[in-house]
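Read from first to last, the chains carry the letters A, B, C, D, E and F; within each, the first residue is number 1.
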Amino acid sequence: MSTLEHSLAAAFARGGTVSELPLLLVIEDEYLLQADIEKVLTDAGFATDIVSSGEEALTLLMDGTRRPSALITDVKLAGRLTGWEVAKRIREKDPSFPVIYVTAYDRDWPAYGVPNSIVIPKPFASAQLVTAISNLLNAGTPSTT
Amino acid sequence: MSTLEHSLAAAFARGGTVSELPLLLVIEDEYLLQADIEKVLTDAGFATDIVSSGEEALTLLMDGTRRPSALITDVKLAGRLTGWEVAKRIREKDPSFPVIYVTAYDRDWPAYGVPNSIVIPKPFASAQLVTAISNLLNAGTPSTT
Amino acid sequence: MSTLEHSLAAAFARGGTVSELPLLLVIEDEYLLQADIEKVLTDAGFATDIVSSGEEALTLLMDGTRRPSALITDVKLAGRLTGWEVAKRIREKDPSFPVIYVTAYDRDWPAYGVPNSIVIPKPFASAQLVTAISNLLNAGTPSTT
Amino acid sequence: MSTLEHSLAAAFARGGTVSELPLLLVIEDEYLLQADIEKVLTDAGFATDIVSSGEEALTLLMDGTRRPSALITDVKLAGRLTGWEVAKRIREKDPSFPVIYVTAYDRDWPAYGVPNSIVIPKPFASAQLVTAISNLLNAGTPSTT
Amino acid sequence: MSTLEHSLAAAFARGGTVSELPLLLVIEDEYLLQADIEKVLTDAGFATDIVSSGEEALTLLMDGTRRPSALITDVKLAGRLTGWEVAKRIREKDPSFPVIYVTAYDRDWPAYGVPNSIVIPKPFASAQLVTAISNLLNAGTPSTT
Amino acid sequence: MSTLEHSLAAAFARGGTVSELPLLLVIEDEYLLQADIEKVLTDAGFATDIVSSGEEALTLLMDGTRRPSALITDVKLAGRLTGWEVAKRIREKDPSFPVIYVTAYDRDWPAYGVPNSIVIPKPFASAQLVTAISNLLNAGTPSTT
């Protein structure tokens, strides 16, 4: 989708006035990959704030000038905090904040993840990221028919 | 996806004979946005009937020559009917008709929405629309693993 | 997404080392359509093994050199096995193997499908295929909010 | 369960101090049946406020001295308000208030019910009432395993 | 619950007129256990038709004078038909018929069960049977909150 | 249900041979309440191992002579371990072990609970405990219909 189309989508999203897209907070410590992730999510119609560590993510959230709608986090991170710990801290403040973990060790999720989160096992396709975040932001998605 | 690819997808969809795509009935009263919405849904492989009011939507359905598979409706509409009312009327005739609401006031959904519907809060990303409608048309989507 | 982007996505998926994408086993007996299906799934970030019959699919799985993450199967197939039968055989070996059926007769699914599978009714949009497989590979997708 | 056991259950429920049970607001206009419903719910460990019309239910809620945890309502009621209307009014104030409808015409629920509610079709077994309310009050009940 | 209470519950269930309870079709080939199962389900407010083989169950259904609301079946049965086969035959006629399997080999369910069914692993508590059937008969049970 | 009935239920559960019931591991540090909880769960058809601290629960599990099917734990416990910590330790060993938390502070669950668990808010009715554990032990409980 072109930039023009995104603007139009945003306009639709607000009843005719061009405006912001849903903002995703992404924690990824591999600099080379940040641009790629940004492209996948931007193509899907999201805005992104990408940071390199859990510490930066928490600082950005506490600052309050940016208001992300959801967290996408790698589990193994460069700083002292893991993705598990960042999600827990955010949920302490906002119990319904949507959380997606990306990890090669998804067997850790049943012990360390938070309830009502999604885990995307590595390796994953770009569509899995887009579908996961869409499901979390939409309300009332029926499951079993 | 190109038009050729869509034709092929449709062919796959019917066991080798080129044919129709799933048809979505969309109610959006901002003319400038209709083309954009149509593009997002067409790129995802759907056919669309876009109308400007709830009244037109109900007329189209009663006429019966078009057979949409699902409804995507803005809640605040130009005519006398809101999106909530259109969905209710359709569900009176077809209790399992898939419904997606788009609204900036998604806190109204728990009181005015119909059961087993999806609400997409504005502003939204194009992927949220595509994921919502895909989930409603597929049967048996497992949720919690 | 370009091939470069796919490589980067794969790199992200493994923590920085370029590597494989999630592999989908697809059974489709219309040769003309195989390339189209492959394109839709590759664009979504998946790798695909496309075979023409249930027999080939089972042979490939038994061989063990390829390790698909999920099955997408047409129900009516050229060989002796239907898609229903192939899924059943796979589930006997791996009770949690993700299964997606594509069929024009989705009313057969409640009698012949396996539990926790998804059925995509024909005709379908390409997005339905991508969303279905993404939901099956992600764990913990919340449904009703 | 005896009254003593209920007191103990309540004590467990509050960490050792004997106290209140979860309170259910029930709307049933058949006086002869009120005692029976009360018995089924009391045996399951709930406290009940049973009223005869939607108007009384709304008055009781607005008064605020009683704080029910959920609504169980017959759909066809003696007063001017139906069960559909009472639930809608309550959800306007409290968007996540748990709602259970009991009705012989459960085909009306997809058009007139509120999202994330439960409908119990008549005739029903007492266990259906107890299971429905328990599911609504517990959080995080996993569905598909 | 006493017989009187059951009659009252049934009265409530039909708007004041004493009448039937939801009828469950149970297949269990151990005669000694039939009475016990009947008691558990009757105490929960259900009526039961208990037969000893899948053949009898299908005959009873085809006869049409009895109209059960759901099937509870042991998997290993005395006759030629297994519980898997009986459920499949019923679903061919009625694609949404509620099905519960009871089995010591619940690992077979992912391959042989029908979609949207429940499997109760042996050994099980009586409450599991009552909760399973109640969930199937109620519509719209929310899961993840 | 009488002891005789329980024996019969167990017999049914194993195909005719009288045997064990599903065993629940319960952590509750109020001695006065242990008997009451035991009665509620026994009446529902379960066997129980009730311990007074998280440390005892972990010891019992590591010992291996008892094989509980699920954990029910108060969150605030007398020993050093909270219910959150006990569940995490158990899930590290067995990622799919069913977990139910009972707590007056259920707003902590979204941050400290494990995925796919159930939280029962205090005060609760005895039926909520029985329904929660039944849902966790049954597989494939359909949710949204």
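As a working rule, contacts are C-beta pairs under 8 Å (C-beta built on N, C-alpha and C of every residue); 3 or more make two chains touch, one makes a residue touch a chain.
This one's a predicted model, so the numbers in the text were calculated from it and none came from an experiment.
**Student:** Relative to chain E, which chain's C-alpha centre is the most remote?
**Tutor:** Result for max centroid distance from chain E is chain A.
**Student:** Which chain has its C-alpha centroid farthest away from the centroid of chain C?
**Tutor:** Ranked by distance of C-alpha centres from chain C, the top chain is D.
**Student:** Given that chain D and chain F are copies and touch, would you call their interface same or different according to whether over half of its residue numbers are shared?
**Tutor:** different
**Student:** In whole angstrom, how far does the Cα centroid of chain E sit from the Cα centroid of chain F?
**Tutor:** Distance between chain centres, rounded to whole Å: 25 Å.
**Student:** I'd like the Å distance between the centres of chain C and chain E, where a centre is the mean of that chain's Cα atoms.
**Tutor:** 34
**Student:** Mind checking the centre-to-centre distance between chain A and chain E? Centres are C-alpha means, answer in whole Å.
**Tutor:** About 43 Å, centre to centre.
**Student:** At what distance in angstrom does the C-alpha mean of chain F lie from that of chain C?
**Tutor:** Inter-chain centre distance comes to 37 Å.
**Student:** Residues of chain B touching 2+ other chains?
**Tutor:** 109, 113, 115-117, 119, 130-131, 135, 139-145
**Student:** Which stretch or stretches of chain C touch chain F in the complex?
**Tutor:** Answer in residue numbers: 115-116, 140, 143-144.
**Student:** Which residues of chain D touch chain B once you look at their complex with the stated criterion?
**Tutor:** The contact residues of chain D facing chain B are 88-89, 91-92, 95-96, 107, 109-117, 119, 142-145.
**Student:** With touch defined as at the start, can you tell me which chain B residues reach chain C in the complex?
**Tutor:** Its residues touching chain C are 1, 5, 8-16, 19-22, 44-46, 130-131, 133-135, 137-145.
**Student:** Going by the contact rule at the top, pick out the chain B residues touching chain A in the complex.
**Tutor:** Touching chain A from chain B are residues 28, 30, 32-33, 36-37, 39-40, 43, 74, 76, 102, 104, 106, 109, 113, 116-128, 130-132, 135-136, 139-143.
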